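A short worksheet on the structure shown next.
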Amino acid sequence: MRPSKRAPDEMRPVTLERGVVRYAEGSCMVTFGETKVLCAASLEERGPGWLRGTGKGWVTAEYAMLPRATHERTRREVNSGKPSGRTQEIQRLIGRSLRAVVDLHAIGERQIVVDCDVIQADGGTRTASITGAWVALHECFAWMMKRSIISVNPLRDHVAAISCGIHQGKPVIDLDYAEDSAAETDANFVMTGSGGIVEVQGTAEGKPFSEEELLGLLRLAKAGVANLVEKQKQAIA
Amino acid sequence: MRPSKRAPDEMRPVTLERGVVRYAEGSCMVTFGETKVLCAASLEERGPGWLRGTGKGWVTAEYAMLPRATHERTRREVNSGKPSGRTQEIQRLIGRSLRAVVDLHAIGERQIVVDCDVIQADGGTRTASITGAWVALHECFAWMMKRSIISVNPLRDHVAAISCGIHQGKPVIDLDYAEDSAAETDANFVMTGSGGIVEVQGTAEGKPFSEEELLGLLRLAKAGVANLVEKQKQAIA
Amino acid sequence: MRPSKRAPDEMRPVTLERGVVRYAEGSCMVTFGETKVLCAASLEERGPGWLRGTGKGWVTAEYAMLPRATHERTRREVNSGKPSGRTQEIQRLIGRSLRAVVDLHAIGERQIVVDCDVIQADGGTRTASITGAWVALHECFAWMMKRSIISVNPLRDHVAAISCGIHQGKPVIDLDYAEDSAAETDANFVMTGSGGIVEVQGTAEGKPFSEEELLGLLRLAKAGVANLVEKQKQAIA
Amino acid sequence: MRPSKRAPDEMRPVTLERGVVRYAEGSCMVTFGETKVLCAASLEERGPGWLRGTGKGWVTAEYAMLPRATHERTRREVNSGKPSGRTQEIQRLIGRSLRAVVDLHAIGERQIVVDCDVIQADGGTRTASITGAWVALHECFAWMMKRSIISVNPLRDHVAAISCGIHQGKPVIDLDYAEDSAAETDANFVMTGSGGIVEVQGTAEGKPFSEEELLGLLRLAKAGVANLVEKQKQAIA
Amino acid sequence: MRPSKRAPDEMRPVTLERGVVRYAEGSCMVTFGETKVLCAASLEERGPGWLRGTGKGWVTAEYAMLPRATHERTRREVNSGKPSGRTQEIQRLIGRSLRAVVDLHAIGERQIVVDCDVIQADGGTRTASITGAWVALHECFAWMMKRSIISVNPLRDHVAAISCGIHQGKPVIDLDYAEDSAAETDANFVMTGSGGIVEVQGTAEGKPFSEEELLGLLRLAKAGVANLVEKQKQAIA
Amino acid sequence: MRPSKRAPDEMRPVTLERGVVRYAEGSCMVTFGETKVLCAASLEERGPGWLRGTGKGWVTAEYAMLPRATHERTRREVNSGKPSGRTQEIQRLIGRSLRAVVDLHAIGERQIVVDCDVIQADGGTRTASITGAWVALHECFAWMMKRSIISVNPLRDHVAAISCGIHQGKPVIDLDYAEDSAAETDANFVMTGSGGIVEVQGTAEGKPFSEEELLGLLRLAKAGVANLVEKQKQAIA
């Protein structure tokens, strides 16, 4: 039995709400159960310096947690002077995942920054962030097209993510914090709407895992991402 | 006529919602019109080192804005390695304001940190933060009393804050961003439930102001804070 | 009786000595009793980037204390990697105060930096800094006019500052360190030569203060600033 | 044809040389073709604070590149004040990989730090680091057993790592810099001597990859790691 | 002819004034011509951690320049987050020089920090600092002896310093800024009252110098330091 | 007897091996006994900003130690956010020493950075670095001449360095770590192939030294540097 009483292939309730902040060009509040992330996409007319003259734009992401998103208060990273290694890993992952489905030439020499700020953290903040960031990005591109800043939608596909893990020897999907802490293996899958894999990150926390177990996790993830893509479609409808 | 079309002594709609995040000992989402701040109070069993052995506790505050709380995206302070001067000024003000109505001995050698994270910024974020932080702190103390961590409520009074300013020569209350940018004088007042002044900060942005103008602003502020204290009473009822 | 044995409305002896360092375009050593601040104004031909093309200049200030200006040695801020919150608050206040009486267009696209370095600290360092910085700035503008860098004096008025406080229930002026540590309320007033208020910052250290008390402090401050403006006039004569 | 002219399943020549620096408790110079990493294991009698009283030890890793390990000189990270996101990702990966095969209780409350310094970088520096770090760690544990600091070897298995990728549509193993830059998909596999998977990190640089492609890479990696484990056995013989 | 019109062996007027700041246990304002440094010695009851239990104390120094000590304003080092290489070199030199004549056991487990803050810089700030720091340290030890904190004066000898250089092929003493900028060789000598050498630092700015030239500089320095030691004796009399 | 059993004027075995890393324009592995430093010279087409338009180039150096170059592991400086004072002193010394024998105009507006990374540290790392850096720089200039980037070799002479010290009252050359720790006086000499002195840095660690002792050290250094210059000639032959 999972601590959450969910079936192995049962995800938590997912919500994706668009337009949640007033000033951003695109935004989405995403919840995976008690995990809650505010994603805001900002258009910046100046892309990074190293793209000047290439005709290409850029999509990047930043990630942070409010100090009391967590069970115990977490110290603000600004007070230690730099983002932690974990924060950097996650924001690099979100950025790569989004760029995998964006035609950077279609943006022109601009930059979209998607900020993912975790309001409440109960496991799966990075996968929720990717899933919500896509909706915020979609809203941002719609905003740009409406104002004729771009004429073609740079989004080529959906992208969404889900965590899977081996918990008491069994593959399970969408781990909450309690399950994640107890899992032997923890894996995050980022996949597109057409089922391609963008990123796999699997880590044995306890004993190593086998090829079969990896495939079991992948199977769960495929169904989960398909489900998330459906939710994204409803959110942008 | 004010840009907001409000009467000179008319505040924006104010809401104070308790219990908005799951893990904090106390929390409050406060809105002053479009300004929206999430306040979360965290109990830390270890107070700051310099209080060890004094029997006294501490209340402190931290303040930050989400990057896209603002009209234009603001760079995260973690990326410049330190909180800006403005952030430090504000969080010191919030902490001082709260401590003015707390009996620090009644807390014991513990620390309460109140995090004020601005979700949306349309002027008055520091005054909204103080007003909402008081509610979060009240909830935190209630939580502590229920668990018999403390036996006496350390809160001695309400504290709330409001900004006033001179706009086109006329004193007005609760300036939004557009009004604030155009005001000749900008003042923040922090006052208690019993009408005492905890902090006055008045700044001439353009030409200096007179004693009469200062008194006009103070008069507006008194009424405004009384109004906010009423809202706090409803919120904790 | 005040610890300093002064009458409630009695300031410490004030001196303002011009031309104390050889290389600065303007300088002033200011003393308020045992408090001693070296103010040096530097003309920089390049203003800050965000003013380029506006025809406007800028006046800014920096503030620091020598490590042994204080009763106990204070750690150098360079060793903790950044100016403290207190330092930033003070230097922002000095800069705002000076700009309140300067016609920034008359400077052209240049910047004046006024460095206020506290040699000895016995309370009131920020008010002494503002008062002395004005003299250094005046000397700097005179230097620029003599060399025809500018043709009109950008200074529109005097600006000076004084601290007042409530000590054992009584409003007193120009608190030294011992008085400041014991005061219930502490307020700084920045005012112009013509009596306008540029900045008021009043803080209750202990119990909140009343409107009457605030007015009592303001009355003391007015007389004090008028006195300081007289000293400034003598200093630049 | 691969740029390196190697067959798809052909690794570069691998060497593992023990005892290459005089003062470290364990060390290994590892080369994968032109990639060359110096791994040094240091025993520290004091483990990290959060392990005090648990009877458990810790193994951690740090990773850096000499500035001219690369084709173009890379700026030292000390000059930007902090390790880059990439550096942090890699050193966290090396640490996790080593800990997966170490019995932390058998170390006692001590810490082993394995420094991986890249002397020359031609792709695969993180996989070479893991592979060489294991040898340095083995030597360190042997040193500790010889001195009776520990009585049981804490190493439970080998651990080694290899990169694979999809290059012009074909899965290939052990990519050098030129191949890595051109690969559509890049994956790193960390596996144990008994064939268990410790970590999989697969990233689509261009178009998403399929489950079949992932399995193709995994197959190559298994053979590659088995080969590396053989080399480790020879190195410690 | 030297730019300063001085004879090759002619130093600038030197003054050493004790007791210039109120709170420091020892202080000295030192001038070498237009160069002016405020030295303040602070007794700290807690020595550095690494001396605990050794019965030994420590003497250290910190060095800084006021921003407008120089011809052009220099940026505060706190704003770049760390002391520059030059600052660190100089403060290490001052500390070493003082420790060379102090019996660290006679201090007990305490620390004396000597702050050298340059008020005005016209060449030779490090040699003036050392010379003045010795006087401040002497005053600090006298203060400690008077209060019976120590019973034996830890100072074993005088220490003072002078710069020499080769200017247009001729050895000259005590270079001012203009001479220093034009010198081919620049050397600093730190020597004791009894004529021993504590530190020699000679640098060819242009062409290398010979053994004879080094000896010529040393000869000038000996006479110069003897002169400075005389001044120190007068200052402490 | 020296701890190393060497005669007072006997240096450790010295090796200088060119071309040790693949990508650098010039490189040299230098050993002085157990001390081992990897020197790599990198050509950068863009010189520092302040040389723009002068027609002059620049040669600079950076220095670091691998964490386990030392007997006890040393913390990476990147983790404390900045190079230590010692590191900065050494890299400034290496840069000055190299520039003393380079015609900066002959380089054009380019920069050569010589990285000196200490692989193993047994005393004398800065003198070994200078000696090896010269060989790396020579190789870099040869590389540039071969490609007609420059037409004249900018190197005007050799430069090499050796440490000397007074150990148990006797001048000795090329101190290893054990000797260096016990020496009363420690001096580093940087000299050219033609015998000119570029830099002398002598420090009394215990009691001050005399002019005669300084001359004794200089005599040893002259012979030592002549020897090193011979080795350099062989290395570049």
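The letters A, B, C, D, E and F name the chains in turn, as written, and every chain counts its residues from 1.
We take it that a contact is a pair of C-beta atoms (placed from the backbone, for glycine too) under 8 Å apart; a residue touches a chain by one contact, two chains touch by 3 or more.
Chain-to-protein mapping (UniProt): A, B, C, D, E, F = Ribonuclease PH.
Keep in mind that what you see is a predicted model, and the values were worked out from it rather than measured.
**Student:** What chain lies farthest away from chain A once each centre is taken as the mean of the Cα atoms?
**Tutor:** Looking at centroid distances, E is the chain farthest away.
**Student:** Half is the threshold here, strictly exceeded: which of C-E, A-D or A-B has more than half of its contact pairs identical to E-F by residue number?
**Tutor:** Selected from C-E, A-D or A-B as the counterpart of E-F: A-D.
**Student:** Could you work out which chain's C-alpha centre is the most distant one from the centre of chain B?
**Tutor:** F
**Student:** Same residues or different residues where chain C meets chain E? The copies count as same if more than half of the interface numbers are shared.
**Tutor:** Shared-number fraction above one half, so same.
**Student:** Could you give the separation in Å between the centres of chain D and chain E, each centre being the mean of its C-alpha atoms?
**Tutor:** Between these chains, centre-to-centre, one finds 51 Å.
**Student:** When the centre of a chain is set as the mean of its C-alpha atoms, what distance in Å lies between chain D and chain F?
**Tutor:** 33
**Student:** Give the residues of chain C that touch two or more other chains, as numbers and ranges in rising order.
**Tutor:** 81-83
**Student:** Beginning at chain B, go round the ring through chain C first and name each chain as you reach it.
**Tutor:** Order of chains in the ring, chain B then chain C onward: B, C, E, F, D, A.
**Student:** Would you pull the chain C residues touching chain E in the complex into a rising list?
**Tutor:** Going by the criterion above, the answer is residues 21-24, 27, 34, 38, 40, 42, 44, 62, 64, 66-71, 73, 76-79, 81-83, 113, 115, 117, 119-120, 122.
**Student:** Can you list the chain E residues touching chain F in their complex?
**Tutor:** 81-83, 85, 88-89, 91-92, 96, 100, 187, 191-192, 194-204, 207-211, 214-215, 218
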